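Two complexes follow with chain A in common, the first pairing it with chain B and the second with chain C.
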Partner chain A sequence: MEEKIKNDFEKIIENSKFSNKDIELKRDFLNKFIVSGFPNKKLENWKFSDLNQIIKKNIGDLSFYTNYSIPNKLNPSIYIDGLEHNKIVFINGRIEKIDFKYEEKDKIQISDQFELKKDTKVTNSLINLNNAFANKYFKIVIKKNYSIRKPLVIYHTTNNINSKNINLRLDFVLEKNSSLKIVDIFNDQSEKNFINVFYNFELNQDSILKNYKIDQIENNNIKYSFNNIVQQENSVSETFILSSGSNFIKNEINCDLIGKYSSAFINGIFSLKQKKHHEIKTNINHLIDNTKSYQLIKSVLENESKAVYQGKIFVDSKAQKTDGYQLSKAILLNETTEFNAKPELEIYADDVKCSHGSASGSLNDDAIFYLMSRGLNYTEAKKLLINGFLLEVVEKITDSQIKNLIKNMIGLKE
Partner chain B sequence: MLKINNLNAKIKNKSILKDFKLEINPGEVHAIMGPNGSGKSTLSNILSGKKGYDVSGEILFENKNLFKLETEERAHEGIFLAFQYPLEIPGVNTNIFLKTSLNAIKKARGEKELDALEFLNLVKKKAKELKFEEEKLNRQLNVGFSGGEKKKNEILQMSILQPKLSILDETDSGLDIDALRIVADGVNSLRKKDNSFLIITHYQRLLDYIKPDYVHVLINGKIMKSGGPELAIELEKKGYESYN
Partner chain C sequence: MKKEIENLKEYKYGFTTDVENIRAPKGLNEDTIKFISEIKKEPKWMLEWRLKAFERLKKLKEPNWQKPKYPKIDYQDLYYYSAPKNASSKPKDIKDLDPKILETYKKLGIPLEEQKRLNGIAVDAVFDSVSVATTFKEKLNDVGVIFCSISEAIQKHPNLVKKYLGSVIPITDHYFATLNSAVFTDGSFVYIPEGVRCPMELSTYFRINASQTGQFERTLIIADKGSYVSYLEGCTAPMRDENQLHAANVELIALDDAEIKYSTVQNWYPGDEDGKGGIYNFVTKRGLCKGTNSKISWTQVETGSAITWKYPSCILKGDNSIGEFYSIAITNNHQKADTGTKMIHLGKNTKSKIISKGISAGLSDMTYRGLVDISSKANNSSNYTQCDSLLMGNKCGAHTVPYIKNKNSKSNVAHEATTSKISEDQLHYCQQRGLNSEEAVGLIVNGFCKEVLQQLPMEFAVEAQKLVGISLEGSVG
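Then we have the complex of A and B:
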């Protein structure tokens, strides 16, 4: 792989307009990635999902080269109907459209020329890979006191590519008392690629971020999505993950609560069939007093699917009055499914409230009998129970418009 | 309407019902009384098609072999079981459940399904009759309901689904006197010449409000004595001991 990746890298550098400084930094990231390679199960973080093996088995040899100078044709039919929204469209990792038409122009600042930094606090080999190969990275700033009027939908689409590694990155800054709603929609028309998405969020005082990540459309790609969120005083982040469509996806959230009264909410659904294997990994770092985090993950697993939830709550010695909570529940519809939960609490303060729980089991036969005795057939009874089980997570979504959108998407319509 | 011949039921090799016989004609109300463990709930479960029992014998419902029908098909045919312990179903809205259920049955019978408005009008009327707080119908099915509310909800379902044969499995347990009266009124208002009831109970109490045509004493999986309403009063005085 080493020679291939180096050649692909040089080809990208040739065809791009990176500054010399950036090229040097990118080369540095590349070398770091080459040393570590794709993460494997020897790493604690990856022990349930050996990405190196998963890529080998499902894709084989990857190509890291993409010619970003050729634009891709937009296909408006993928846009969500009946929801006024701002758009960013990625096709094969290239940004084809940035459209904030519903917003005041001077309240949103978009720049594609911001400097790569050598020392990112959060790092892993996939972020190194991302930094080495991502084309342009845009930085989007929501100005002070501005609340975005319509949600921003980011379309992640692929077409006509195969065995490629796609890296993309976006950075968001929410200035004081601003708010942003993002819906990520994955819509793949191609198969067997490794897609690596990296978002950085800087939440300043009193700002609110809502990020709804929807991977629902069936596809055979391997994905990694990393959200790094840093939160100042009294800021709120809400992350919702619908993990369903891809062959493999690992959603990782790192959240640093560095300002008092900041809070982070992470809610997720795994709805898996066939041999899909999905993971959610969270790190919530309570680094100052009076912060709060809440996590609820529910899974419905069928056939030979596998879901993994690794949720970590770290409480610094300074972080008194921390309120941390996480719960995962899984319904296993077959004996061949697998659910792995690894809750981790690392607590160095003494005045904290932290709890975690995990439960998994099969569908309740008595409940099925009850519903069937009222005239529903087995399939209908099962569906009603599963929808009821998942509804609790969807009900956590605080944006009612997007809540309804997601309910419609997964058939929870009332 | 219902003919049970030589019904034997075992669970994990333990014999529960032994050569059980019962015949219910249209319009009749039968009460089965018996001590704990006599097989009362097994009987109601088997009639509704619960899995896990090893059964032999014959059950005919309107001349159809019940053993050949799935649980939901029995509901479509008009059998209704009011559960002793109605289940809490989180995340499932009571109204939506009721509508899904009613329309599933109507569809199976080839009748016109109700639209949202028609259904709401019906459910409102029925809830009012049973003094069931309408607001509760917008909650998750039985979640956070008191014991009495759960039982009333069963009777509400019964009155909406209009079954031919209603089996009430210890519906009176956990009900206070007022709730008991409301439930009994609900049952009595459904009594018609074509509708039959099988009331399973420990106590005679419910039978003060719902007058049965026949009373049967079930002991150790067998009917030991059958008679009219006076048998319930006799049982209340003498207890089950004398039948052992």
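Then we have the complex of A and C:
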């Protein structure tokens, strides 16, 4: 792999307009990635999902080369109907469109002229990979006191490519008292690619971020998505993950609560049908007093699928009055399914309220019996119970427009 | 009462006993192993077994994934065998025992003279590397229970030992377990024959006396079909500036319908207030529910040791078998603990229950780490886990790291964990009724631990309750 990845890298550099300094840094990231390679199960973080093996088995040899000079055709049919929204369209590794037509122009600043920064703290080899290969990365700033009027939908699309590694990086800055809603829609018409998405969020005082990640369309791609969120005083972040369509996807969220009264909410659904393997990994770091976090993850698993939830709450010794909560529940519908959880607490402060719970098992026989005795057949009863089970998570979504959109997508009824 | 507590504040088991020792030459090598095997007059197969483990050990690396880190142990700078001179051949009668050793156990509150024992617990006393006395032997013989040191069992009951030794913790296990397999010196052996309910509590008392010595004992308990045994283990060591290694292996085997209850009150020397000295307690404890309807229950009260690193586990192989784990772990000053359990469900209708209470105070660090693994064949299995942590002060840490693997849709797993501190309201309530703050904390902590303390046999429960109080002395300000 090493020679291949180096050749691909040089080919990209030849055709690019990166500054010399950037090239040097990118090379540095590349070398770091080469040393560690794709993560494997020997790493605690990847214990339940051996990405190295998964890529080997499902893709085989990856190509890291993408010709960034040829634009891809936009296909408007992928856009969500009946929802006015701003767009970012990302096709086969290129950002083809950034469109904030519903917003005031001077309230949103978009730039791609950034020099990469050396980050010595990063030990995540996939972030090194991302930094080495991502084309240009955009920084989007929401100005002070501005709340965007319509949600921003980011379309992640692939077509006609195979066995490729695709990287996307976006940075968002929410200035004081601003707010942003992002919906990520994964829409793939390709197979066997490794897609690596890295978002960086900087939430300043009183800002609000809502991020809804929807991976619902059936596809055979392998994905990794990493959200790094840093929150200042009184900021709020809400993340919702619908994990369903891809062959493999790992959603990782790292959230540093560094300002007082900041809070983070993470809700997620695994709805896995055929031989899929999905994971959600969260790291909530309570680094100052009076912060709050809440996590709720529910899974419904069928036919040889496997879901993993690794959630960690870290409480620094300074972070008194922390309120941390974490709950994961799973329904295993067949004998061939598997649910693994590692809900972890690491606590160094004494005046805190932290708890976690995890439960997994089959559907409640009594409940099924109850419904059947009232005239439903087994399939209907099962469907109703699963509906209610998942609805609880969807109901946590604070944006009613998007809540309805997601309900329709997975066919949940009230 | 107050005076009693004053006396207890210091680690009261910190004295040393001045007896002449026989030691193996320093260092870990084949000669040491041969020396141990020879002095214990072991048969050839035993020596071969040890050497095989040693071969394997050479290829292994010390694990380092645990939370409490410790300075590198120089395995060549340790004595692997140390025994009181005149105990190397175990006296037949307790009267023949070195009076100094008798005195030691008396000081520890474990009188070995049987007539003085009113509460009817049979004791196997292990002093450094050897078992020095076993009480109530005859009485146990009457019902067919074999309770002796493992060295004696190797000579007298080789078939049983051959069959079961290493069957739960094989010599191919992790580093410390394999080290123990190579150099273990003594320990207890228990065999309960079919259908016998052991008439009294069995107990081993471990004492590390010599300096620069590692203690590697090995305990093997076999409960044959339909039998029952309750086994207790206590440990202490003198106060020394150096860190001493204790790497024991405990294997339990429960056949059809048998039940083993294993309780530990671990009070090794924890080191002084600045974290100097203390025992490294790296123990491998594993029980195998081999037969159907068998049950193994671990209860532990961990208050001592500089570092405690152990996971008493149950392998639930037999259908309908039950595994239980009750634990209280208390760390104060610079103590560190990384403890928990593994429940491995292999058989159908297996059940397990985990109740863990962790209390950390001072500058200590405590981790609950546990695994619940339900295999795809373990239909209708269930697990319930509850781990609660209590923090005292903001310089200590309490962590929960559960691993939950469920591969069976017909099985249920539930896990709950909370972390909190003693609330002002509770303290206020107690103080209002005339308790001082330390007594109030003691009362609340005892209430917090009650679920686990209840599982201990009576005599131990009283001791443990006191220990809980003492371990937290000075942590409330």
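Here are some notes:
Here, the second predicted complex is superposed on the first by the 408 of 414 C-alpha atoms of A that agree within 3 Å, B and C clash if a C-alpha of one lies under 4 Å from a C-alpha of the other, contacts with A are read in each partner's own complex, and residues count from 1 in each chain.
In the analysis below, a contact is a pair of C-beta atoms (placed from the backbone, for glycine too) under 8 Å apart; a residue touches a chain by one contact, two chains touch by 3 or more.
Since this is a predicted model, take the numbers as computed values, not measurements.
Chain B and chain C, once both complexes are superposed via chain A, fit side by side. When the two structures are aligned on the shared chain, A:Leu43 is found in touch with neither chain B nor chain C.
With both structures placed on the common chain, the touch criterion links A:Tyr370 to chain B but leaves chain C unconnected.
Applying the stated contact rule after C-alpha superposition, one finds that A:Phe389 touches chain B and leaves chain C untouched. Of the two partner chains placed around the shared chain by superposition, neither chain B nor chain C is touched by A:Leu74. After superposition on the shared chain, chain A has more residues touched by C, the comparison being chain B against chain C. Residue contacts after overlaying the shared chain place A:Asp350 against chain C, while chain B stays out of touching range.
In the superposition on chain A, A:Glu380 contacts chain B only, with no contact to chain C. In the superposed pair of complexes, A:Thr337 makes contact with chain C only, with no contact to chain B. When the two structures are aligned on their common chain, the gap between the nearest CA atoms of chain B and chain C comes to 15 Å. The residues of chain B lying in touch with chain A in their complex are 48-51, 70-72, 74-76, 80-81, 83, 86-87, 89-93, 96-97, 100-102, 104-105, 108, 140, 157, 161.
By the touch criterion given at the top, residues 364-367, 369-378, 380-381, 384-385, 387-392, 414 of chain A touch chain B in their complex. Within the complex formed with chain C, the chain A residues making contact are 44, 317, 320, 330, 332-362.
Chain contact summary for the complex, chain C toward chain A: residues 65, 376, 389, 391-421.
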